[in-house]
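What follows is a set of structures for review.
Below, chain A partners chain B and then partners chain C, in two separate complexes.
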Partner chain A sequence: MDHFPGTWGRPRNDVYGAYDASYLQTTGPKAHTSSPAVTGTSVVGVKFNGGVAIATDNLASYGSLARFSDVKRLRSFGDNAMVGFGGDVSDMQYLDRLLESMDIRENYSAHGNMLNAKNLHTYLAKVFYKRRSEFNPLWNHVLVAGFDGEGEPFLSSADLLGTTFSAPHLATGFGAHLAVPILRRKFPEEMPLAEVTQEAAVEALKECMKVLFYRDARSIDKYSIAVITKDGIDLKEDEQIQGQSWAFAERIKGYGAQVV
Partner chain B sequence: MTSIGTGYDLSNSVFSPDGRNFQVEYAVKAVENGGTAVGIRCKDGVVLAVEKIITSKLLKPGANKRIATVDRHVGIVSSGLVPDGRHFVSRARDEASSWRGTYKGPIPTNALANRLGGYVQAYTLYSSVRPFGVTAIVGGWDSEAEVPVDGQVGSGPKSGSGGKVEGAKAGGPGLYMIEPSGLYWGYYGAATGKGRQAAKAELEKLDLTSGNLSLADGVKEAARIIYVAHEDSKDKEFELEMTWISSVDGPTKGRHEEVPKDLLEEAEKAAKRSLEGDDEDEEDKGQGEQMEE
Partner chain C sequence: MFRNNYDNDAVTFSPQGRIFQVEYAQEAVKQGSVVVGLVNKTHAVLVGLKRNAEELSSYQKKIIEIDSHMAIAIAGLASDARVLSNFMKQQSLGSKMTYGRPIPLDRIVAQIGDRAQTNTQHYGKRPYGVGLLVAGVDEAGPHLFEFQPSGLTHEMVACAIGARSQMARTYLERNLDKFEDCSRDELIQHGLSALKETLSQDKELTIDNTSVGVVGVTNGKKESFKLYEGQETAALLEVLEQRESAGAEGESMEVDS
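So, the complex of A and B:
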């Protein structure tokens, strides 16, 4: 029995000879835009009673190289909306300028109705979808945090395909695997939003950032955290992960000066 | 109107034998009938104000704005043909946005005035177009603090070489007035429209050149000047529209915004009071003369 399903249904080598791989195209145009270059890792966000908290670390990696250690991936938009960017940093810069120009145009009409986080999320998702449909995606996964039209806390994600997803707590990249389970344990589904305090949300984010720093090789121990409430945005961009314990590393291969 | 019948005023871009472009001069006439607009360059900001003559009771008060925002830090008020003014503002916004596209930062006020001057001047050159029927006042604040480039994500290495001059003075207020010929100058105080003569006389009394007038006082003065300039056309009702741009650490944080309602009302009240004060003085004098008789 041939245990490689990839060869099933193909002409038998003993009858037709080995497949002539020279027909396969080995060269072609280099598509730089279809893969990211300098990237940021996870974004984590939590809704609480009266707002949203969101965090990212301050690293931009070039492949596996920790290239830029002072990169701010939380960008504010208007008075109380925030976008956290994961993925390609240059695409993030493009989006930042795009949103900036939109903000300027919005201010021309003096009606005072600013775009809220929900509007912003819808717009971003449509930009992502348009670009992926042109086979020229913006290589990002973003979380948009702020308030919706009814003034309720809003948190939603949009990715490079234009996929959108909302939940009381969200994370992108590695965080989707490592941070979301922690957040689900801390804030279970049956727990009403009214019981989630700002302090608990911020505490949870800090713990998530620590776990992500332990286990995500593309992360760093400096991070940014923003708390969005009706009063505005409280953004701290130069935080340090506190209370680390690397005691577990002693018993694991690959850490420190161990040889075997 | 010595030009009438000579034929030199029939086409744009044609000089008369004594070196005048009559179409441009007629455009200036259109401006001279527009509502008075003033701009004051203060030490910590710029104020723009305009007298909006109420042409119909059916117009909603406070709507139909005449002062426009360009980018975030520039305001434009114009006097003359309103639609020409709107097209002018639209061009200014395009210029500001194209500047951002190239330089990833806000356009300096002087650069914007320069580009707009060039644009307006181009409308004096061709027989297929007419000059702008507006004189526009462009006021802006160029950030005195260092602003990050649009999309900047970090600050780079903390040590190593760098070419910055410590303590260099940057930014500040800017006020320019662009005329239908494309001519523009930078001003301490600018006035255009119907009441410009009275407004200019009042502006000259303010001693703006010493750079001591604060933005808060500038707001009051601008309101008063519009009221003074309105004296000659007292039979018509008007509405005062006023905007300001403060320094980055001031009330508008370097943005062009409408003057808040309470401040505007306060300034209008003070303006009315100062005018009434003048009238009372005159009345007193009149009574005195009568007594002597």
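So, the complex of A and C:
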């Protein structure tokens, strides 16, 4: 009879050799997140004359598993700014709490001095850069949409390294490969912003979301879309991709169980 | 010197509910040379009377630029003012760094107010011996704030602190309704007139002892803080002289009719 409960249920030393306690080591370097866990995929945004439109789908994946299908990845800040989050969902929730507490702090002494989308973007980029410098990154790639200090439409991205980037249309993740070319075709560089209407921007976003659902295996056909204008934010969080046609899939060969 | 037993530190109340150390600190403000501040719809102006410790020394700076959108004018211990202005410069730079936004005036004034208040509530500390006028512009337009050693802050349309500042306040009160819609240059002249009121018989405003600071918005565009000192004040003082002689003629003409 073994009188030491601590060894009960363990492989016997006399049979299997001494237990390798190095796995239980508590010393050594501190480990931080080195990969995201539950993730959201692309965020897509377009500037138009008088505002910005931004969209994400409503999925949070756990690896390749479509784990949560009703996650809101567009978060509002104040009356005229929106943040779309790609990447780790728990880090998104942390940032959302951070921004909410900042919004409340700002509103205590309003006095007409509200942070605009540009200020918000600068702040977020600094937060990302601080965390990556601590080797403890917030695993996100965000788009910030709204207005800058001059009241012009503003759209800019910030990623987990604190890198910032701005363009009339932007997308994160898979969208950077699949949606941006579509948007560049629809709204070429030489096309002035004044000629891009709100309807055209929203329509383009819907098409991008459809293409992303077709080709991005971490996406879902339910999405959120926000239109930010001077009048405020029009946020729809329960949209469904319309007019799907999978006929093109017939011609795709070389994947899965298909042999010929 | 033997006023009472309740003025040995800043944390003890007198039975009448007063904190004498704070009141003494406010006396230090009254010893400092006078500074005047005023705002209208578009601009905030600071004017100050500089003093030199002796004939051969330079004049003590009265107006300190914090950032391109704001400045402070000081009355009292200049070294305490330097501590506060360094803090304000840091906060202002921090706001530009993290948010890309010039710090709102009410925010930074609340911060120095809180700092000054903690000095009145911790044993072994002493209140700041300086009063400030904080002038600047933010999203909400031009502002003027008064800051006292007690930590009390007020937003003002016009204010004067320092030695013989009562004379300037009287001028400001009499002319209050002229400020709001007047031009940038007129606002400066009102500031200088108020400053002149405080001078004793044998003194006058010169290019050496006068400081003027202006910040504002013109047609929705921010105008960076501009400090006039030395030769730059000559033109402003000349206008002041012309106005006063014209004013004197105006009065005599009124008497005639």
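The working rule: the second predicted complex is superposed on the first by the 219 of 260 C-alpha atoms of A that agree within 3 Å, B and C clash if a C-alpha of one lies under 4 Å from a C-alpha of the other, contacts with A are read in each partner's own complex, and residues count from 1 in each chain.
Convention: contacts are C-beta pairs under 8 Å (C-beta built on N, C-alpha and C of every residue); 3 or more make two chains touch, one makes a residue touch a chain.
Since the structure is predicted, the reported quantities are computational estimates derived from the model, not experimental observations.
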Per-residue contact with chain A, leading partner among chain C and chain B
B
Looking at the overlay, what does A:60 touch: chain B (first), chain C (second), both, or neither?
first
In the overlay, answer first, second, both or neither for which of chain B and chain C A:97 touches.
first
With the two structures laid over each other on chain A, which partner does A:209 touch: chain B (first), chain C (second), both, or neither?
neither
Going by the contact rule set out at the top, does A:123 touch chain B (first), chain C (second), both, or neither?
second
Contact-wise, after the overlay, does A:72 reach chain B, chain C, both or neither (first, second, both, neither)?
first
Touching A:81, do we find chain B (first), chain C (second), both, or neither?
neither
Of the two partner chains, chain B (first) and chain C (second), which one does A:182 touch, if any: first, second, both, or neither?
neither
Using the touch definition up top, name the residues of chain A that touch chain B in the complex.
58, 60, 68, 70-73, 89, 92-94, 96-97, 100-101, 104, 107-108, 110
Spell out the residues on chain A that touch chain C in their complex, using ranges where they run on.
109, 111-115, 118-119, 122-123, 126, 149
Sort out for me which residues of chain C touch chain A in the complex.
97-101, 104, 106-107, 110, 138-141
In the complex, go through chain B and note every residue touching chain A.
65, 68-69, 71-72, 93, 97, 100, 104, 150-156, 258
